[in-house]
Each structure stands twice: as structure tokens, then as C-alpha cells.
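The structure's right below; bear with me while I get my questions together.
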């Protein structure tokens, strides 16, 4: 439907998965639309706006067609946002979608997946189609109306393929 | 894509159109997805939630593909919600999408279009596809994420027809 | 407690009172702190913010000590905000505090009380002490925390007088 | 002004103070009204409602008359809410009022100050008068209008003493 060419979404490098029985990866999600949010648990815009939006995505769409996934991309205050703190945060705020911890760079700074996607900061929302291509990457906030439309477009593309 | 059969949306009977150069009707809107909101200017749920949502629809989607339309369906306090009051209300609240005044029944009570659609009250949101069929009618509030998805589904159906 | 001198609040000229058994006036309110809001029913800032705040004042404080009063000061769209429309508006939005209709100037334009108080527009909040003096007049919004503090200061001044 | 007798607020036992040059204690705050919030950094009601309210208190009132103070009373997920995490949290959310870390009980569970005040959970707001007496302790949320009034009552009592 479009003349644009989209590259495959780079694989995620995740050191630990939470809220899910088995580790996830992009190959395993093939066939489903993926809405993935890079966040930090101490980023106010993530806590107040982007994570509640991802939860709405998780609660609104059929999980066999749309996968809502969080990626904890810690690039500052590393000691303050440990896996232990993240686990308590997700529990207390009732964020029950799968969350992967972006693998830290042993040299410090930006974690591996965040760097591979050239993200500018958090929150960053990725839309990945059912064939694993990165269709959109947005730093900051996108309105629900627009996001709902974008998700449906990818769902129907997958269904009609 | 669906086995369901949808009936044609009943025509609107409008006594006066505001915010638009020429009177609208469903035939003239054929080819576009129509998101129409039945409201009353003194209904709190309309003012606080449903009308701002219709404005977001109006501002988000290309008007050559999606038409956002208000219908002022006054079924109580008729003297309080005259066309003069409505015109000032739309101006002050910056609601700039087309609004039709549902034609009052000379016998009083529910106006003609509202009765024809068997609406229970305001706000009621109608989704009409590009072929003029009533695809959804919702009394109360629908979340933006879900509404955005529904609009996109109708847009793509129209484009692919 | 203050060296400032405050003038008596100018009397209100009201053509009709709603939500109250008997007409009000400043003399009758002497002994109570008066929080009065000049508003228009089609002013978005009044509907979304100032009138809900006045209702919170009405619901929070003992009415034998603090009187919350609305003044409908129509200075534009006069035909759109008639007493009939106002009455339906107050009913539908559940604003149940006393509301006086500021008497229109037969020559048109700004109504009499609004002019007497030299108000710049709506919403305007007046704080009048128990001796009938105008202690504060604010065009626009004042935060609840600050307003609650101001009301208590006037209440205690009255009690200690 | 009241026949009630109020006991002295029990002293706080704080292991570390943040956002302040010198450790605080109730004796040092004598002469000022104290609004103190017991919170946990991973308690949603604290993050979304009670801490922003405390910041409004801090920003609204003259700090020489009203002291806004946070107490980090960790009674669960101790490893997740370490001083390191708290420090990053306060920095990222721009909470710049003094915060004391309630001293943990070596035996685990509820920290010392929280236990001494018999608190039921977080958020809990304490109002302490200028003579160091505990005047009100509220578990949950209190509206800004009511809180502003209560603070002003204590301020005037202090000024008039």
C-alpha cells in the first residue's frame, strides 16, 4: 500500500524479562503487531503518560494480534533503577505487560538496544509490523486517537497479507 | 471482511447547518467515513468529554477521508438550547466542525433524527462507512484508542473497496 | 491585623435570583464571608474551572459562615444566555449554590454590577469579608490551596472580631 | 480557640536528610507550621497525588512560616526503594522540599517514625502546629481547598499566640 521501504527492526538485547513466562524476541513475535515502549521507571513522562498509554494498548487489543511490550532502557541513575526496583515499580503501578531490561553496556552509558535504535531518550514508542519491520519510532508522546489508528492499520495489513 | 450485514444509515433531518457553507446530507458525504455525534449543548458529558473528542477527530484525520459532524439533538429544555444559544456556544468553545440542528418534532419531545436512530440520550456517537452504512452507534463514551482504531478500519475499507 | 483600608463592596444589582428562596443582597450576607463568582454560562474557563471551584467552596465550608454565590454577568451574546438558558444550565451541571442575574444595562453592553466593580471579564472571583468589605477581586483562576487559605483567614477574622 | 488538647508530635527518627543543608528535627521547626507527608517513592497515590500536593504547599506558602517536609517511610520492597533510588526519584520529579528517610527497624518491617505515629500506610499527611503539637493526621488524600484552610488556621494561631 506504500512505496516506502522499511528495514527490519533491530533485535532487542535483553538481560532479563519480567511479567512473562518465557523470554521474548522479535522472531517469536512475528505475525503480531508490536507496540514497544522504551522507558525508565524514574522518568516522569513515562510514569504519568507513556506507561499508562501502553497499558491501555495492552488492555484494548487482542494480544494474539497486538503485543504491548516495555523495554527498560536505563541510561542514567543506573544504581537507582535496578531490576529489583523495577520489579517493585511494575507491581505497585499494576503494569502487567511483558517488560524486558535492555542489556547494559559494560562500559556504562546507554544500554545496547537503545543505542542500536539511536533513541534520543525516554519515552520512545516503536511500532513494528507483523513482518518485523520498524514502521515508526516516536520520541515523546503520541495521542491515543492517532496511535489507535496506526495500530489498526498494521493489524489490517497483517490480516490481508 | 465481515459477514455482518449493515443497513444504510437513516437520513438526517436537519433544520439548519452551522459552521459550513452548504447544507450537508449523507448522500453528499458518501465516499468519506463519517463520525457523527448527537449532543446537547447543556449536557455535561457532551461538553466535558464527547465534543472535545469529536474535535480531536476533526483535527487528526484528513477531512477528505473522514468527516466529523455534530448533530444538536435537543430533547429537553428546548427553550434553553435555541439555535442562537448553540451558535454562541460553538463559537466560545471553539468547536469548528459542521453542526446540524436536528429538526424538532412540532408535537414536542425527541427531535426527528434522534427518534429515527432510536437513540437513548446524549452523547451518542455514530460511525458511518464510506458507503453510507451505520456501522456502530454508541451511547456514552468510547475511548480514543478504540475510536481511532475503528476509524482507521473504515478508512482502509473505503480505500480498498 | 492589616494596615490596609478596604472599601465596602459595592451593592449588587440583580434582576433575578435562582437556587434560593429569597433574594440576596450584601446587607443580608453581613456576618458571613462571601465568595462570589462573576461568570457567563458560555465562558469555557468558567464552565471547566471556576464554577466547579465555586461548587467545591459551597460544599466544603459551613454555609452559616461562608456564602458561595454566583453572579451571571452577561456582557456578550445576550440572547444566547437568557435566564431560561441559565436555569437549564445550572440544573444540568448540578450547580446548586445561589446565582443572581446581574441586571442588564438597558443601553446594552456590560451589566450594572459588573461595571460597578470594573471587572475585566469572566471569570472574576470576589472575596468579601464579614463586614461587607471587598478584600480581593481576581480575574482568572486562583488555585484551591491559596483560595482555601484566604477564606480561612477571613473566617477567623470574623470569628475574632 | 479549641477545648481539645493536642499532644506533642512524636520526634522523627531519620537516618538521612535530602534536599537540605542540615538535618531537621521538630525542635528546630518550632515556630513554624509543619506539613509533613509520609510517602513511599513507589506508591502510586503518593506519586500521582500526595507529593505534587506537598510541592504546591512548598511553593505556595512562605517557608519562614510553613515548612513542607517529606518522610520516606518504606515499609515494603525495602531493597527497591534505597536512598540511592530515592535521591534519583526526587531529582527527576523535581521534588525539592526537604525529605527525611525514616530510620529502618533493624528487625525489618515498618520504620521507626511510621510505627511511632501508628500510621496505616502511605500517603499520610501530618499537620503540626508552631508549638510542635500534632493537630491532624490523615491517611489518604485531603482536598487542596480544605488543606489550604487548615494551614492558614495554624498560621494565624501561631501569629496571634
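For reference, chains read A, B, C and D in written order, and residue numbers begin at 1 within each chain.
Methods note: a contact is a pair of C-beta atoms (placed from the backbone, for glycine too) under 8 Å apart; a residue touches a chain by one contact, two chains touch by 3 or more.
What you see is a predicted model, and the numbers here were worked out from it, not measured in a lab.
The set of chains touching chain A and also touching chain D is empty.
Rounded to whole angstrom, the centroid-to-centroid distance between chain A and chain C, based on C-alpha atoms, equals 50 Å.
Averaged C-alpha coordinates put the centre of chain A at 35 Å from the centre of chain B. Counting partner chains per residue, chain C shows two or more touched chains at no residue at all.
Viewed as a network of touching protein chains, the structure reduces to one closed ring of chains, two contacts apiece. For chain C in complex with chain B, the touching residues are 42-44, 47-48, 77, 79-82, 84-85, 87-89, 91-94. The touching residues of chain A, when paired with chain B in their complex, are 56-57, 60-61, 143-153, 155-156, 159-160.
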